[in-house]
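Read from first to last, the chains carry the letters A, B, C and D; within each, the first residue is number 1.
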């Protein structure tokens, strides 16, 4: 039983859909498996054999939610899958996706990655017309909108629905016989199309899902595109809009898997390039550079190559970590840091060290890690961050803490350096980051760094989305 | 993962709500525990502390769904609980109750026992106005209707909603601060009010729930009554209607617990009286009468007392039964019968036996049991049934098979006797049954016996409720 | 994790073995299923295909411990199974049976029902010779004794082992290719041989296990017999002894299933006869007699038939009970009684009632039940017990409390009546009980009633068996 | 239910014991958590409060086996814990450790890392004296030996027992009030002593366990030392022997955690040095060097620094991998490789790559990985291994496949290169490896490379340890 945490309506997620393969559910399972880093809270797959629709979803990791037996029950050549993420313990089966609903004999399923910024006014309007809501999911709103337009025919209903929606969405929709992929006009979140060996198709958040099931990458779904795949083939609709491209730069910095290509670039190489540019922007003397594994690994490699300062792995990651719920004893200070990363004391003693990491959010973890290095006898600790200070919340689907909790929102770089206990602290410049990511700088949303939000949110958006009376729900065996 | 079986939309259920006790969730737990016979498929409790609403529900028995921890999370003095029944393996967390929804900042929870007979037209109408549905539950329709009337104020909305609904319903509703109990104008299903030791209240399907938590029985909720309990006290609204009373006589025969009083009568005594009247209606020579335990126990006692024919327990019920999923081997014929009831061979050999049971639905189980007795050496087997032949489906919430599968719908009594392999077979007369149940005969719904349905169902009601495109859903860990 | 409770070394159990059936493990599963009343703490099956031996055991009910998959892994035509009982929450996988061990390349498995009374001196002697022990099971001692005699050949080793053992044992042994059934010279516990449809054999504690798998009862294993079944056929050895027969009379009163025949008698009929003799011994005026279901059911039928006093079911057993671990609230007094048995208040009010039950052990449960009946308005409560007062502990495998906790050990019948709050209390006489059970009175062990122990226990037997330093052990996932 | 695989009697394990801390069980839990890489099959902790001993063990990872509740039941200041490893799915609760037994009122618990090479003759001798065995664990033999010497007093019994044992053992023993650590005269496996903040002590396989609970490293347990810790303090006994030191060099190459110091050296630095020496021994032209993460990471860093060839991470490890049991579809070739490591196609195309890894055992995994790189378009693939060819089985506790399955046992380096599909293949020389590990070369056991076994095994040792009749056992819920 877990309460829904109304302060965290914005979740990062991953989606994967298959059209035209007899093992569609299994391929979707593996696609979600490769996208697990985009959401560990819940997973779900909905399948259709052309007339009958089946759904299975649950709380937990993909491999915990599905078994061979549940996959076999998900019959059909057409599937949509979803993984959902929550940074807190809060999780809620009512909010698990795909979301399905029936209206006048038709069933539609929706899986959503992103965040709608006019959700509040859309809901209010729908409620005024009589809609009731069971969840706090954007997807539920999408389905209501579609249902209310359904008399217009599918394509018109899609256009009308998505033209009324504002914000970030890479959405997969499924009807009994169609797979529909929609990407918002800004293209905040990645979404790509691949071709299966047998001629079928996959649409997924990242290319790493294509790799695992040996699909060939075809192209990205375009910003503002509605791609419809059915027995007749594929065709696309395009939303009318005046929105500039708004690729989420934080996907490159932090969120996407390094082996994925997103927004036309390989993530590993972008991250390595961030390290290289850091080496150009910032000259420090040190015995070596080391990442906090694995988040800083790739920028650290780039930095080492560009600066000539040797790369070392001075802290070791415990690969079995992350799941113990046993509380440490009183005497075990800084336990939560050491249980994940253990400094190699005999190696670090008396060294001058550059730490490379990809972000500082609240600063609390970093502070403990620095303290732990000091206790291991490190002489000098310099920290480089492979992006600018994260000063602003994200309205488009990445679950940053609210502004006040972001350390860079309240403190100067010098104050952060002091708080973390560092000898020095440097952030990659925004120009450097844009150079590392490649492509036209204006194609990125970098609001978390510069506060320039490409799509204005509702007035009420930043408040708790669904009010203080929101039901806390849980489902499942005790 | 279990498919929803669209041929079985009609389910018997149990409800229990508490107002005004700090341990409301725990009392509801025990109330549901006492009502477990009314539904073994899923269980749920929703609680409110006056502002915050929490819900926990899951598939399985009450003690499987809840733990001390989940009950503690269900904070507040106000609760509504539900157990749901399905005669097949089909079950579906999407259909578990209570059902909750939010509309314009208000949350309402619904738990329903019974079956609405104009659900199809209500849904159609709602869908035309834009409603979408996630489940096949009547409760979801009730919430939609309430939401659409909410601008009228709560009491008017309740009246309007329930005056638009036809069929059987003993419903508990909960808002943040009110417990509302509604019983349809026919009063098909039982629903009673009790008083807690501390001054709080309980509303439950049967009095056995009151007994377990030591509440005092106050009165039945009246047919057509809407009882509202809140901090101000209690008050009732009354639905306008011209409906005659329609107490479900099958609750007396079969469904309710023998220690409950329903419709003003004690069930144990009604069942015993059925046996007594059977003894008057039907004279047979035999060495003894025996029930199939425990369903025939009470009528058998009455029959024995009235006829002077000794009562015996010639078959023994295995109390650990009912949960093995291991398939028997080829050599184990009639296994499913013997695993539940084992004949005492040494006792039964060469005896003339009267079997007393409460119903014959499909006849398949009875046939196997008779065969098993023959193999144990019983010489003569006569069977008495404590009600008339069940010929017609129930539209009001008891999950009979459809007409064609009811053996008495297709066969004469003589043909049934022959099919079961009996020496003789007698049913209690409808007059005898009404005499046994007491009260004015016209106060009962006895449609399953005589086909006289007190509330006419929708034209489309008997077809699959929600069409062939209904989604099969499941939730939970694999 | 559950501590072994050294104050309760004596457990009742059930055993079942199969020889000569390809589905031996599955048949054993169902045999144990029918014997579940003899032990609910743990279950285990060991199987052999003639060379390879497999074992699966676990804590819990038979259907919880085994799945189709685990049964399929138990390959072979030869099996031994066991269910173990503990009246307390104490349970311990280390003590689960069958117990297996390897000695000089041979594996032997043992499943034991009963209790050895010279276990302490046998263990001391073995430890002096260098044996070490992992459990507190009698079975482990049996295996040590067998191993130390193994140079003598199997048959001599069996004779030597069992002639050194004193006490009650119905034991099944399995080697790679033999099923061996041994019953102590007193024959305390039942053990019977049946024939499978395919020509194979079953040995089980009670005939109800034979019934479920459709085996034909052949005969009881004789007291003092060692029956060896292998590919060559069957043959028996006989222990030399001067022990008189000592059939446990409490199996007839209480422990065995009513549909079993034990010691040559049907249990249902014995129990009914106890009621009949009670009616002869004890004349009371009352409105009706009623059992505490189901333990008093059969004697109540006999009593009613013999006395002419009508039988009623004034308290109703909740069939879903027995598994809730939720603590009641403060306000729910006598909860543990009412959760199992609910009095029918409207029926019991102002009645004069005779309660029939099969035993009073500590008296606490009975006292609460009587109180609960008084609260339901019963005017007079008379209680009849279908055996004499239980005054003495059992050394032979039934887990009575120690003498001091047996209410009849400390109080007179009048004091017990007063403690329970009864109007009158009568016990069946020992002569009456022996008459009801049939057969020569001297063939029964009735030590729990008269203190005449047919086999003298070790001096140290009554102390904690394995000393204060006994390890508390548990196994399994958290 | 899992069969014990008699072909794999040799298991690597980890041990951790605490003396003198009120949270001993919790500290042991975290010690085992840090040692999880040494054994993932089962975990167990035994605790003593000076008189009462408690044990909990189970199959699975440390965090799966223990909960806060089970840890709280493990009361006392004195504990011994164990993690056990099996490279196959085979696992068996009967073989889980610690192993406990009672003999003449004393309980002893044993946790063992290593492998005894005269186990067969010891067992034979014990069986001749009457011992029986339930498991295939070396620990069970140790307990039998101790029990048989117990009349000599503890210290003499320890000396006698361990002087009769041959092979590798880092053993922790616990009596009610003593923690005893024993390391074999060769010192094959690491074992170190640490001091807790509160003055208590920890003994553990590796220093990473000390780090996690913030204990200070004191010293290694010496080869041939028996260290006894109790309320009186510490004292040591020393086994008489003529055994040379035999530190397992494969711990440095592969098994120990890089943040541990073992045999007086830091593992990370040893592994980096292996890469440096490889760079000296082997000159190759390539675009970059990359490890198979994480096993080759550290040698790759050393190689890159010494050779000047850039380090890259061309394949990405899926951190959520390792637990899916869903079978891939037909079309997903080489799935088991890609699910763990995904090549970055856009980066690898047309490159000349040096792969660095720490070993080639069977060669099958390596072959698939190389194939996968070829498919990603890599032009040249050279592989460097940071140790010599593994040609011989280990008798001392590392679970290599038997000789015939080791690819280097059957094939020349050129044949292996061809089998793997490489452009070139180089192994580090034995001299190079010894130089990298530091210390006198003769202090290492390197039998897996050169076949020079420092302790001769029993004649029968290499056969299946316990014969073909060994029982397959499993325990637990289905």
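Please note the rule applied: a contact is a pair of C-beta atoms (placed from the backbone, for glycine too) under 8 Å apart; a residue touches a chain by one contact, two chains touch by 3 or more.
According to UniProt, the chain labels map to these proteins: A, B, C, D = Amidophosphoribosyltransferase.
For clarity, every value in this text was computed on a predicted model and none was experimentally measured.
Undergrad: Kindly list the shared contact partners of chain B and chain C, in label order.
TA: Expected: no chain.
Undergrad: Over half shared numbers or under half: where do the identical copies chain A and chain D land at their interface, same or different?
TA: same
Undergrad: Relative to chain D, which chain's C-alpha centre is the most remote?
TA: It is B.
Undergrad: Report, in whole Å, the distance between the mean C-alpha point of chain B and the mean C-alpha point of chain D.
TA: The separation of the two C-alpha centroids amounts to 60 Å.
Undergrad: Give, as an integer number of Å, the spacing between the C-alpha centres of chain D and chain A.
TA: For chain A versus chain D, the centre distance works out to 37 Å.
Undergrad: Could you give the separation in Å between the centres of chain A and chain B, each centre being the mean of its C-alpha atoms?
TA: 47
Undergrad: Send over the residues of chain A in touch with two or more other chains.
TA: 66-67
Undergrad: Which of the chains touch, listed as pairs?
TA: Touching chain pairs, listed by label, are A-B, A-D, B-C, C-D.
Undergrad: Can you list the chain D residues touching chain A in their complex?
TA: Touching chain A: residues 23, 26-27, 29-30, 33-34, 36-37, 40, 61-63, 66-68, 71, 196-198, 208, 211-214, 257-259, 261, 266, 268-269, 294, 297-298, 301, 304-305, 310-313, 315-320, 323-329, 331-333, 335, 338-339, 342-347 of chain D.
Undergrad: Within their complex, state which residues of chain C touch chain D.
TA: 1, 3, 46, 51-60, 64-67, 69-70, 73-74, 93, 96, 100-107, 109, 126-134, 143-144, 147-148, 176, 466-478
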